[in-house]
Amino acid sequence: MTSSAANGGTALDRFWTGDYYNEGVGGKDSIFDKLKEECGVFGVFGHPDAANLSYYGLHALQHRGEESCGICTADEESFHYHRGMGLVKEVFDRDKLEALTGNQAIGHVRYSTAGASKLANAQPLVFKYRGGDLAVCTNGNLVNEPGIRKELEDSGSIFQTTSDTEVIAHLIARSPKDLVQAVKEAFARLIGGFAFLIQTQGRLIAACDPHGLRPLVMGKLGDAYIFASESCALETIGAVYVRDVQPGELLVLDQDGLHEDRFAPMVRRAVCAMEYIYFARPDSDIYGVNLHSSRKRMGQQLAQESFVDADIVTGVPDSSISAAIGYAEQTGIPYELGLIKNKYTGRTFIQPSQELREKGVKMKLSAVRKVVEGKRVVMIDDSIVRGTTSLRIVNMLREAGALEVHVRITSPPFMNPCYYGIDTPNPADLIASSKTVEEIRQAINADSLYFLSDTGLIDSIGGHDEEFNRGLCMACFNNDYPTPVEFEEAKTTSCGCD
Amino acid sequence: MTSSAANGGTALDRFWTGDYYNEGVGGKDSIFDKLKEECGVFGVFGHPDAANLSYYGLHALQHRGEESCGICTADEESFHYHRGMGLVKEVFDRDKLEALTGNQAIGHVRYSTAGASKLANAQPLVFKYRGGDLAVCTNGNLVNEPGIRKELEDSGSIFQTTSDTEVIAHLIARSPKDLVQAVKEAFARLIGGFAFLIQTQGRLIAACDPHGLRPLVMGKLGDAYIFASESCALETIGAVYVRDVQPGELLVLDQDGLHEDRFAPMVRRAVCAMEYIYFARPDSDIYGVNLHSSRKRMGQQLAQESFVDADIVTGVPDSSISAAIGYAEQTGIPYELGLIKNKYTGRTFIQPSQELREKGVKMKLSAVRKVVEGKRVVMIDDSIVRGTTSLRIVNMLREAGALEVHVRITSPPFMNPCYYGIDTPNPADLIASSKTVEEIRQAINADSLYFLSDTGLIDSIGGHDEEFNRGLCMACFNNDYPTPVEFEEAKTTSCGCD
Amino acid sequence: MTSSAANGGTALDRFWTGDYYNEGVGGKDSIFDKLKEECGVFGVFGHPDAANLSYYGLHALQHRGEESCGICTADEESFHYHRGMGLVKEVFDRDKLEALTGNQAIGHVRYSTAGASKLANAQPLVFKYRGGDLAVCTNGNLVNEPGIRKELEDSGSIFQTTSDTEVIAHLIARSPKDLVQAVKEAFARLIGGFAFLIQTQGRLIAACDPHGLRPLVMGKLGDAYIFASESCALETIGAVYVRDVQPGELLVLDQDGLHEDRFAPMVRRAVCAMEYIYFARPDSDIYGVNLHSSRKRMGQQLAQESFVDADIVTGVPDSSISAAIGYAEQTGIPYELGLIKNKYTGRTFIQPSQELREKGVKMKLSAVRKVVEGKRVVMIDDSIVRGTTSLRIVNMLREAGALEVHVRITSPPFMNPCYYGIDTPNPADLIASSKTVEEIRQAINADSLYFLSDTGLIDSIGGHDEEFNRGLCMACFNNDYPTPVEFEEAKTTSCGCD
Amino acid sequence: MTSSAANGGTALDRFWTGDYYNEGVGGKDSIFDKLKEECGVFGVFGHPDAANLSYYGLHALQHRGEESCGICTADEESFHYHRGMGLVKEVFDRDKLEALTGNQAIGHVRYSTAGASKLANAQPLVFKYRGGDLAVCTNGNLVNEPGIRKELEDSGSIFQTTSDTEVIAHLIARSPKDLVQAVKEAFARLIGGFAFLIQTQGRLIAACDPHGLRPLVMGKLGDAYIFASESCALETIGAVYVRDVQPGELLVLDQDGLHEDRFAPMVRRAVCAMEYIYFARPDSDIYGVNLHSSRKRMGQQLAQESFVDADIVTGVPDSSISAAIGYAEQTGIPYELGLIKNKYTGRTFIQPSQELREKGVKMKLSAVRKVVEGKRVVMIDDSIVRGTTSLRIVNMLREAGALEVHVRITSPPFMNPCYYGIDTPNPADLIASSKTVEEIRQAINADSLYFLSDTGLIDSIGGHDEEFNRGLCMACFNNDYPTPVEFEEAKTTSCGCD
């Protein structure tokens, strides 16, 4: 394992950048083995190019999961599916796509620890049950999955994966009722944050947890219906956004068209704030709010809450560029490219040895000496998890000649674990759970440090819409979990995809 | 699809030679899509090199299945497994083997139609159930699998593969009893021909169907126990043969050593005659009978039953070489290399186009002109299934200048489907089911044709041991099936591995 | 071939994005077959980790050539080298790097049309000659290469590649003088723009053409010397920038250290302006000028020369982001993420079919509807070559709801072919060679269009330093070539790397 | 390196079996690094399917070289070629073959130490010279290559490979005369054993050394001409054998058809005896003598020269099966399958560790216990080089229960190095160079040992044809080299292909 991994660093910023491929190599002792993160889902119903559209749709969602992916189509005769380890562009080729015939499809991109032996966990999972063929894929995490799994095992179920998805399939298959009713009853038992796509021959079902923790949008491409974790995937295939799937909703597509149903009453919506801060692509909209724009507002808000006199503003790429530009616009301090990321890193990139790194060989991120030398720098980042990556970047800027480094974070201190699909380290490793802001500032060697306020974050995302503001899950900042989380065997740090 | 496949040919002789890789490319319309054949199993209990030994053991059994393979080990903490499409040497490398820690293992090689999407079917299958981890692999076919599967589905089971193996796992998991008892009860419900290996942490179970249709031997390597479909795998790893697992036996290995048990009473043994005639490696022994020797006796017996005056004897490689030498020895007609096979063909070999083949580009088999020109040739083969391959080879010999071609077959006419794990075409496609020997002779363009008699075959295999002779399944020749086969949904032409 | 390729588009912007992998598949009829572009070189002398440093250095230069790469080291016994098709991270693994022992190395990344058969052209090229082992790699193009090649062929030379590099090796080998003298005499014959690295056991030679058309910098890492096409590669490995290799210089490293020599007198420096505008990484400096900063100034200058009232400024990613921010800063119009690029495209990505593209499936670039809808947009790009890509992007913005699209280009009209290593289409295909600005505006469907002035470009790059300003090659804009280019067989559109 | 390699073993028998892939992994310290062996060439002139025919032809010659291969075609516009590391079926796929257009082709299969960096050595080598495109491939070795190479280097030539082939190309290119004349003059300077194919657009030239040491046959397929190292490749593509290319002949094909010429006078023919004993495929004929038949006669002759009372005869597979059958026929002792080889080994097969091998895990060769137990065994092999492999096989038979092992070798003692393309160890490592037959018998632990006599070998190959008998090179047995071999820098142990 590289020492980068050992040191920790913001787990979050690695999501975006594909480091897991390398860090996962550390093997089962790696602290990253426990990290399991976001995934992405995509579905098509009623289009002859279902597999190809899924390919491009999943490609647009690739940032949500780089480890494995899969597509399952259905034609009149049977299911066709292919899953593999790697990026969408690596797992599929023309031949494989051509074999995926049919006008309906669901697909998945997934994060997790590497290892071919985990191929079994790649989604969509495909089952045969009394009702025929069944394919399921999910993004999110079920808090009460361990209890349901145990109950199922006690009554004789066998499991081939460790995924929440297989639990759902068992629940559906065990019900003697018709598919939709079985799904509704199964979902009614689930506690957590999730977006599901379920496919049988001739039917596609989409559903969101009762709080809407994980995003899922519906679009149309001609007469075909499209579902995707983020709206950018609709744009990519030329589909028109229709609406976000609502909390507790169950949308069923069959030969008669769309049936709008729900498996749970509408309750308090609680969309994951981290999707806005970090996860989703800047060109996506969640509940009508564009991500780039909301991040830019976070930067502007930060400037209002914590102006600092400096020469340049820079953002930690890629996720904090929008916010940095916002901070710059608001303050009039010029935005500059003080940090740059090498876009060619990825799974097969050989990380520098500890020895070479100590001698100065850079990971994929570098400070741009000519830009920062002799400058007072405002460095915008989205979050601080363990603090070690922040320390490394601050030091990098100083070594490149920065006179001062003022760190501004576009989120409040990250203090509590996520139970809804974002992998987080042990609470003890969350620097903000045990240190004051001043202590963190010292730990990351910054000249000043400021975290965006809760209300500042809310306003940046949703403006002053009271209704909307109450619609965010900020439990990782404020400990206010929208669901019960205290189960004896609650899964605390994993995504149910794995 | 190549026309070779379209023409049919002895399905059997392609088993040996790996053609399916290419012919399978024909896709789902290919007649070969329905062909599913033999597999091989291998197990180790009590040896620190369990994974490596499995690698060499499976490599020795590679001829029983070239499509996919897998190994699952168990150490004190968990299972470790890897499965993949391709040959043993392609699927595993040093890193993958090193990751398979533990002193017990089961492994599998498998035939079937190609296609990465079928990776899910690669064995061993690995499950979690109430009792912990469970790995299962099998060689053979369950005649009553469809009924059991339906019953399981009706009570809520889900299936991720089409394999008999998963059915067994469900039966085991559904029983509230302890593992051994659960396995015994599950096996008592099965009708068919099969050899099973089942693994949990700390236990390995081996079992054969009540008729011993599929071979399974036990050996020892120091204190460790070894199981293998054929004895050649014992020899390869330096293990000592102990005995064949008996029909209906259930052997359990745990920390206390070997427990000899059975799940069914001893009934009439009925070992697959085709293992002797064709499938097994010539250096293997089944029930104490060496395969090379028995095949050589088949050739000698053929010579006694049907001598023909000729200049040379040649065998269709590789399976009929032993018999051809026996025929030559018995008659004094010299054995010559009249046919030669290119050993480099395999999955990635590009078959010649129909056009090139018509122009004379050879498939992997060629006649040796210098050897056969101007000669009267006795050509020994092991079986005739559809007759098209025989016709092609006879013509090849004639084109190379053979004056006469006399075909001698080391088995009786193949007339009935196998229900126990050997894939066979539709009975209508079995040339012997509708044609007389004379009609077949004309169809394959031979000067004379003779099939070994039933008693000649029995004597060649087991000598004149009455007991032994009754111990063969020759249903494909004589329609005398050792089990009931008339189920409404009986699987008639597939191996349960898939 | 995708129609994207057929339509042309700015060849330049495809440099950055790796599209050639896909478009090259069109085969020999593709117009892209003739495109040959920039390359990058890297060298180490005197460091025990020479191969590893080269790996990271070439990785930092990856944007200069994605098709193939190679590293050649020398230890006391012999050369060791490895070359392959693909990205640095794909071609090398730990085993391959470990086999490259020695404390000196030269390496190369290269663009060109795809095709494994062109592996022979991957550099460094390695030769044996009377003096022993010789490795050579180059970036740039020799205008008079055809003449020299013909002369060499006429006197009996054979060529295994089409590369300028091999020509140089022949010239060196044919000289009876010692290596340095032979190299100097060889170089004195060359006309063109090039940066060369030459290695023998115990010596490394670096040289730039007499006009300094292609960049090459020298750095130090401890006592070791480093050479690289761009300074970003020094930063990546923690080396200190020492200076740019000067036009006509020949730097020789051996056991006695650095010997500063030259093969040509200092003449008018003429650094490729396109390096500043487009090619080099924004964190690199060329002759002390940072690329990001100079691009930002281009944007500011554009704003001064051609302000337009608008709602947002957006840049075509990735190369025009810096300029767009400059334009925004200067005008006060907010910079927004109006266009986004999918970072996961690459060699194995399947381009959408023409049919799917017509239906709206996006290439890797998308407009962000939420950002541009209802807005008057200033779109900043670096150049217009054929005009087709510009048209596509403008239309993309309009379809996403932009009310107006004002295109501002950070370079003057591109009208003349490059003879120094940048691949350019036939002059007839350069839209600016035959159309007025107004005609181009219509052709790309823009509301307004403005190209940066020559003096504006010069000022943006070098400020008002008269000396520096005369130091740029702007022949593609103003037809003022620093060398003779009118040879009977002059190579006009290729990089000498191929 | 595996200990198998360390132990040595007959280098020759590894030729056949592809072990080099694994043993070569040992790296540069491996004794196998110096081993370079036979190659195979194939050419087509005048057939629209030239590339496909070459694919099948090279596939038939695969046993002559498993390391790398290549095909170069020519159409009216240009050459097209592809070369790669690995088997023919691995290096080529349909796309690659389709790109090789044209109605003429030459191809090559090559042995040598592994390593991707040696890809540069894969043949055919392709050059540009004053006359246009030139492709060359060869089988054999030039004794005086070092001197010619030095002379060329001294006059300024550069070399990118270590192959004799490149030397030839230089000689041709340096001559101002027309191609055929240049080739003839070049060849007149060569001393050694070789078969060459040379291609330009519109011409194909085939030539054999003045002694015919390396085989080369000509055939016709319709109007097209075919050349191949062995006649089996003609048979494979349906071509008709015309004749062997004669010693010193130079056959030129162009639009006017075949021109029969020679570059050297007919001298004493000296065909490599090892081709008959071991190298060539049993279904090939060399100068009209079938290999299987001649090997069978060697076995018969051995029986006459050295009968031993025994229970079974067995051959070391694959090369000694024919001889063993001959021995059995002659003596009446039954031929049995006492040794079996696993046909699935190959490049990616993981050799057992020394530890596992000591514990009994077999390499690819096993003794068949049931066959040899309690038997007196005659074991036929083709040669003994170092003796270590023979020892291992004898011990294997004894461990499997053989009562006696009598070794009979189908060649005289191998005592002298080959200078004509067969790699041989240092003379000091040739066991027969320093030990008597009795000492060798003890060293290999045999009960008796006999080597075929010189005259016995000659008679077995050519019968009693005086003319023919004088036509063999048996220098490795009798030190009678047909060419001078005492050059200061003579290459003694390599094939000029590398």
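All chains are identified by letter, namely A, B, C and D, in their written order; residue positions are counted from 1 within each chain.
As a working rule, contacts are C-beta pairs under 8 Å (C-beta built on N, C-alpha and C of every residue); 3 or more make two chains touch, one makes a residue touch a chain.
Keep in mind that this is a model prediction, so the values were computed, not measured.
Comparing the CA-atom centres of all chains against that of chain C, the greatest distance is found for B. Between the Cα centres of chain C and chain D there is a gap of 47 Å.
The mean-CA centres of chain A and chain D are about 59 angstrom from one another, to the nearest whole unit.
The distance from the centre of chain A to the centre of chain C, each centre being the mean of the chain's C-alpha atoms, comes to 36 Å. Residues of chain A in contact with two or more other chains: none.
According to the touch criterion at the top of this document, the contacting chain pairs are A-B, A-C, B-D, C-D. Chain contact summary for the complex, chain C toward chain A: residues 49, 52-53, 55-56, 59-60, 62-63, 87-90, 92-94, 97, 221, 232, 235-239, 281-283, 285, 290, 292-293, 296, 318, 322, 325, 328-329, 334-337, 340, 342-346, 348-350, 352-353, 356, 359-362, 366, 368-371.
Those residues of chain C that touch chain D in the shared complex are 27, 80-84, 96, 99, 115-117, 119-120, 125-130, 134, 153-154, 156-160, 162, 169-170, 173-176.
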